[in-house]
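Each of the next two complexes has chain A plus one other chain: chain B in the first, chain C in the second.
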Partner chain A sequence: MNVALVIARNTISEALRRKVLNAFLMVGVAVIVLTFAFGQFQARQDLTIVKGMGLGIISLAGILITIILSINLIPNEIERRTIYTILSKPVRRYEFLIGKYLGALGTLLLNILAMSVFFVIAFAIKQALAGPENPINPLSLFKATLMIYMQLLLLSSLAIFLSVFTTPLVNFFLSFSLFIVGNLSSFTQDLAKNGANPIVKGFFLAVHYIVPNFGNFQYVNPLVNPEVQVKSEFLFLSQNVIYALVYAAVLMILAILAFDRREV
Partner chain B sequence: MRFNPSQRGSLLAAAAFLAICVVVLQARIDPLRRQPAIEPPKLGKVGGSLGNAGASLPFEYTLGALSGFRQVIAGLLWVRSDTFFHSGNYDAILPCIRLITWLDPNWLDPYATGAWHMMYNFTDTDQRSDRRYLPAGLALLKEGIDNNSGQYDMYKEMGWNNYDKIKNFSEAAKYYKLGMENDKDFDITQIEHALAHSYEKSGQTELAIATWEDAVKRHKAIVDDPKATPDAKARNQQGYENSRRNLFITRVRQYHRKTQTQPPVDVQFSAQVVRVRPKVLEISGQWNLIGSKAYDPTDANKPNEFGKGMLSVGPVDGARVDVRLQDAGYQMPAPTEFNFDVDSDLTIMQDALSTRGGKTVKAGGIYVWRKQEGGSLTPDQNKAQIYAFDPKDGANPGIPLAKALAGGAALSPAGQQQLATAAKVSFAELRGDSAKIADLTKQGYSVATSDRSILGKFKREIDMSKDPKMYGFKSDKYELILSINPASAPDFVQDRIGLMGEGWTDKRFLDTKTLPGVRLIRQKIDLSRTDLLGTERKVLYGSPAVVSTAK
Partner chain C sequence: MPAAIEIRNLTKQYPVPLKREAVNAVDNLSLTVGEGEIFGFLGANGAGKTTTIKILLGLIYPTQGEASVLGKPAGDIEVKHRVAYLPESPYFYEHMTASEVVTFYAQLFGMKREEAKRKADELVDFVGLGGKSDRNKRISEFSKGMRQRVGIAQSLINDPQLLFYDEPTSGLDAIARRDIRDLMLELKRQGKAMFLSSHQLEDVEAVCHRVSIIHKGKLRAIGSVDELLQGERVEIRIGNVSPDLAAKLKTTAPSAIVVEGRTTFTEANEPDAVFAIMEMVRGSGGRIDAIVPKRRTLEDLFVEIVGERIVIGDGGTAFTASESFPTVASTSRGDGLSSSAVSSDVPHSEAFNTTEATIVEAEPGEDAAAANGAATATKTRRPGANKYKELNGK
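Here is the complex of A and B:
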């Protein structure tokens, strides 16, 4: 497993050197700053907009970083032929794949953490200046960023799994499409419930349970509207964390199996 | 090194097992995720086309909503709907509201504002509400309650709309009570005060008193709480004083109305309906609208002294006759799911006509004679129950004051009291003051030589021809309902006729069945489509002699 960790560390170093990812991070931070200029947005409480916008930007920037990072991890190694050097050493294929995945997760963690910490501090200052009637604990925003991270963890495993047998371009659109479908899982669930045709019902039911349910991780509403009461919040959050980890494990096992048979 | 078949099999088995775990986990997450606090209700249950909003909703809104900017997109749509409001494009607002409440179901303003639009702002040219939207407005508020059941705000909105617009006071009380029960941090003034008013208007005076007592205690507790903020203390001090005063007034009314609303007044309601031209009706009539002219001042600091209650009674202005024209047999449906597509074939018109001009004088009493209609009476004249008559009311019912005091007519004891009250001097002093008598005579003061009473009148031309979208007249049969609800009458009228109409009666139009426990004055007139669309002027109901229809 040490081998995987070494590969992970290298992957993080390499990813942090990539300008495109840093650009996304910088854009994310810049837009968060811009969000705080929404003081004149009187239609909705200023802080509400700041929370919704800030968390949305972290999510969006995270999605782009995840997809662009993950779809290129394996193909880049193959294209540059560095994979031959690595695999000729006492490195098993699954260790290589797991190392790459852990590297992606580490990179994402650093990015999301950077944006989150920046956002939470900025929000705390903004809230202190605004002096709202019912202030929230700024640290509670980390619940949403945790969910965003778990969503990206799952998305990354999906993109890596697909990258084993698709080109980066195809993988980009495939991952993005599956991400959107996975975000619409409420609709597919409703269609499965309300559909009259048993074949249609079965299809949407299968979609609901098989496609990664990225919509599970939307946890912005209770933070934007702190007056709402979430039932079983801890259970909801912890089950989502487990869901992301288990589903990612499934995808990584399948990726390992596919990569194991692939001629490189 | 690659996996051998056995290892591959083990890994596949592990993946299959974990995949089953994923399905089980998803099944456990679904019910938690579908709570309104986390995820909006399903779009599938939304009724009504998205109309202009759907067409004008740019792709970036949709994309934004999908990518985690739900609340932000809702905020942008809110700005857009505000633009629609200011440009008069009301039809486009409702789809926006629909989308906003779907994207951000815990944002309360759009529910309240959307319902306000539907209940009040969709009107015809003469500002009469389009009542076809009322079920949709109530359904939107119901959805707001379902999505925010732990907060009092939506119950308050539902209560207020039932109280003010629908005039269903018991339903209003139900929602205010739910607001109190479901949110322990409810606003006492907004919820409990309104609950007490609703109880009173629905005839549950004992409950109203108990609610005021509770409100007094709650306000006092906050005022006395050392931890309460100065702002909260100030607000609750005001609330405390208001609720104490209202508690006392309610008790006084309860005490006096038992006796002072008897014997029942004969309302003598009559009406006439004239078709002026197609879709234009002139509705006029008269009835004996009387109420309290002076009330013994009450003092909340002396809670056991109820004073004398009504000091004088007489014709008053102010109560309204409700007029409703609708497709025969229409009943407003119960609010179910929000759907803003109204039935374009349905016709409902509702208006309220104020009653004015009732007056009376007894032989030997004082009145003011005016050569032409118009002018208002002074507070002193009102206090003395003096009414003004003019040629429109018929011949002068008496003679000028100076002439009467010179021996032309005798003043009754009541007339002498009226004169003393209005002139602010005793009758004996006045008799010796010829200048004052001349001045009062110049002002029109006169002494009645016979009894004269004029009933309060109502009259309005209702033009439905200017709004064909609202009044389609597609049905063959209609019903025109004229009604007076005592619960909606002003307090000074209820002081005499009672809260539920126990102090009035009518030989022809007293209705005790439509609203259980309420003695309505109600007249239903069946009309046909031809009656409403005919071109010639025609009296559709009533006698032309009741009220002159001349303009």
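Here is the complex of A and C:
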């Protein structure tokens, strides 16, 4: 496992230098700042909208960073032939794959954390200036960013799994499409129940159960809309964390099995 | 003593899109490399050299056949502690310095960071990148030759028994090539075994104990450089060539191309053939300007095997390799390398690797499997043929 950590550290160090990923991070931070600037010009701007927009931007920037980072992790190593020098060392293929995945997770953690810290501090200042009747603890926003991170952890494992046997371009559209379909799980569930014929029902049932349910991680609603209540916040958060970890583990096991026989 | 590399009947096929048949990148290849031996693996681009190396390292899998490295199946993780690989035109993480790159690879062997860093610095010095200006440079600022040195440094981090070098001097300028060749000679002095894939023939000639030539995935020749090049020849220069003589020469020596009444061509150094040409020239009023003993070069052999046409010298004088394809050299080894260093217990590979240098001759259009097994197609070169001296005049 030590080898996987060496590869992970190297992956993070390389990813943090990638201009395209840093651009998304910078744009994310910039838009968060702009959100607060607009708020100052509109007196009736509600803190709730600011929360929603801020978390939405973190999520969107995170999705783009995750997909672009993850779809290229393995193909880049093959294309540049760095994988030859690595796999000719005493590195098992699963260690390499896990190392790349851990590197992706580390990179995402740093990116999401950077945006979140920026967002939470800015929100705390904004809230202090606005002086609302029922202020919330700004740190509670980290729960939402935790959910965003778990969603991205799952998305990254999906993209890495697909990258074992698709090109980055195909993988980009495939990962993005599956992410959108996974966000519409309640819709696919309805179609599975109320479909016109058994084939349609069966198809949407399969989609509903196979595609990860990315919609599970929407913690933005309870934060943004006070009327949306979560019965047990702890249960909600822990269930989602476990769901993401288990699903990602399954995807990584499948990726390892496929990569083990792949010719590089 | 086990062989460093043992390959038996190795075949690697790749499917062709939209076609039923597959392409053989490596075709029924068998050879053995001894411990401590520097083994040249020659072939044109696409001959199957890199594919073979990748199979030996477990990066790809053979369609048929077996390969073992240091006594274990190819790709075995334990063996990877004792081997090293330098791919062709290696790429390293651009944001790192040479020392950081080598440290990273050292850590893949489980070394602690401090130890890895210390060894990396030593190796960076060894390959000549330890100077102050180079030490702080990122790989992105390195020339191709410098990257190649980094590649060599990373390949030595585990003090390997066996090195796989794939085109280590390809694309380098003369100075960089010489430097890399010197590094390889230093590794040879240190007793490392090396599987050196290349088409830089001078490098191979300078460094290798034994050489093999692979063409279209098939083994075509194997032996020490001296053995392989013993098929001596003579260069015959003829002047005053009449059309009648040109026509006669065309049948006897197809490689003779007449330009402005003169021709120069190369023939096997066999008395009957040479005397026949001399008689023919004298009888047709031609003039023999010179008969010069010519040592065959590795390039001659390579080109003959690969079957490409090359031009020698001025005046359009040329020979076609397939036309002047040699008969076979079959001699005892005399390079001092212990015969026991190569395995002789594999019947199939005996013809290729023990005490004979062998050229497996392919007939035009011949299927290779037949050619590969065609040790019977080899002949012993006649002794005592090296007695011609340069002649002047008619």
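As a convention for this text, the second predicted complex is superposed on the first by the 255 of 264 C-alpha atoms of A that agree within 3 Å, B and C clash if a C-alpha of one lies under 4 Å from a C-alpha of the other, contacts with A are read in each partner's own complex, and residues count from 1 in each chain.
Keep in mind that, in the parts below, a residue touches a chain if its C-beta (ideal position, glycine included) is under 8 Å from a C-beta of that chain, and two chains touch if they have at least 3 such contacts.
Computed from a prediction, not measured in an experiment: that's the story for all the values here.
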(message) Let's test your reading of the overlay: on chain A, do chain B and chain C clash or fit side by side?
(response) fit
(request) Classify the contacts of A:Arg92 with the two partner chains as first (chain B alone), second (chain C alone), both, or neither. (result) both
(message) Once chain A of both complexes is superposed, is A:Ala128 in touch with chain B (first), chain C (second), both, or neither?
(response) neither
(message) Per the contact definition in the header, classify A:Val117: touching chain B only (first), chain C only (second), both, or neither.
(response) neither
(request) Scan A:Leu169 for contacts with chain B and chain C and give back first, second, both or neither. (result) neither
(request) Classify the contacts of A:Asn2 with the two partner chains as first (chain B alone), second (chain C alone), both, or neither. (result) second
(request) Please name the chain, chain B or chain C, that touches the greater number of residues in chain A. (result) B
(request) Examine A:Asn10 and indicate which partner it touches, taking first as chain B and second as chain C; both and neither are also allowed. (result) second
(message) Going by the contact rule set out at the top, does A:Val200 touch chain B (first), chain C (second), both, or neither?
(response) neither
(message) Between chain B and chain C, what opening angle does the Cα centre of chain A see in the overlaid model, nearest 10 degrees?
(response) 160
(message) I'd like to know which partner A:Ala23 touches here: chain B for first, chain C for second, both or neither.
(response) neither
(message) After overlaying the two complexes, what is the shortest C-alpha distance between chain B and chain C, in Å?
(response) 5
(message) Shared contact residues on chain A, chain B side and chain C side combined as an intersection?
(response) 92, 261
(message) Quick check on the complex: what are the chain A residues that touch chain C?
(response) 2-3, 6-7, 10, 13-14, 17, 80-82, 84-92, 261, 263-264
(message) Please output the residues of chain C touching chain A within their complex, sorted ascending.
(response) 54, 57-61, 77-78, 80-81, 83-87, 89-93, 95, 104-105, 107-110, 151, 154, 158, 164
(message) Applying the document's contact rule, which stretches of chain A touch chain B when the two form their complex?
(response) 41, 43-44, 48-49, 51-53, 55-56, 59-60, 63, 92-94, 180, 183-184, 186-187, 189-191, 194, 208-209, 213, 215-216, 218-222, 224-225, 227-232, 235-236, 239-240, 242-243, 246-247, 249-250, 253-254, 256-257, 260-261
(request) Can you check the complex and tell me which residues of chain B touch chain A? (result) 1-3, 8, 11-12, 14-15, 18-19, 21-23, 25-30, 32-39, 42-44, 64, 66-72, 74-75, 78-79, 82, 104-107, 148, 150-151
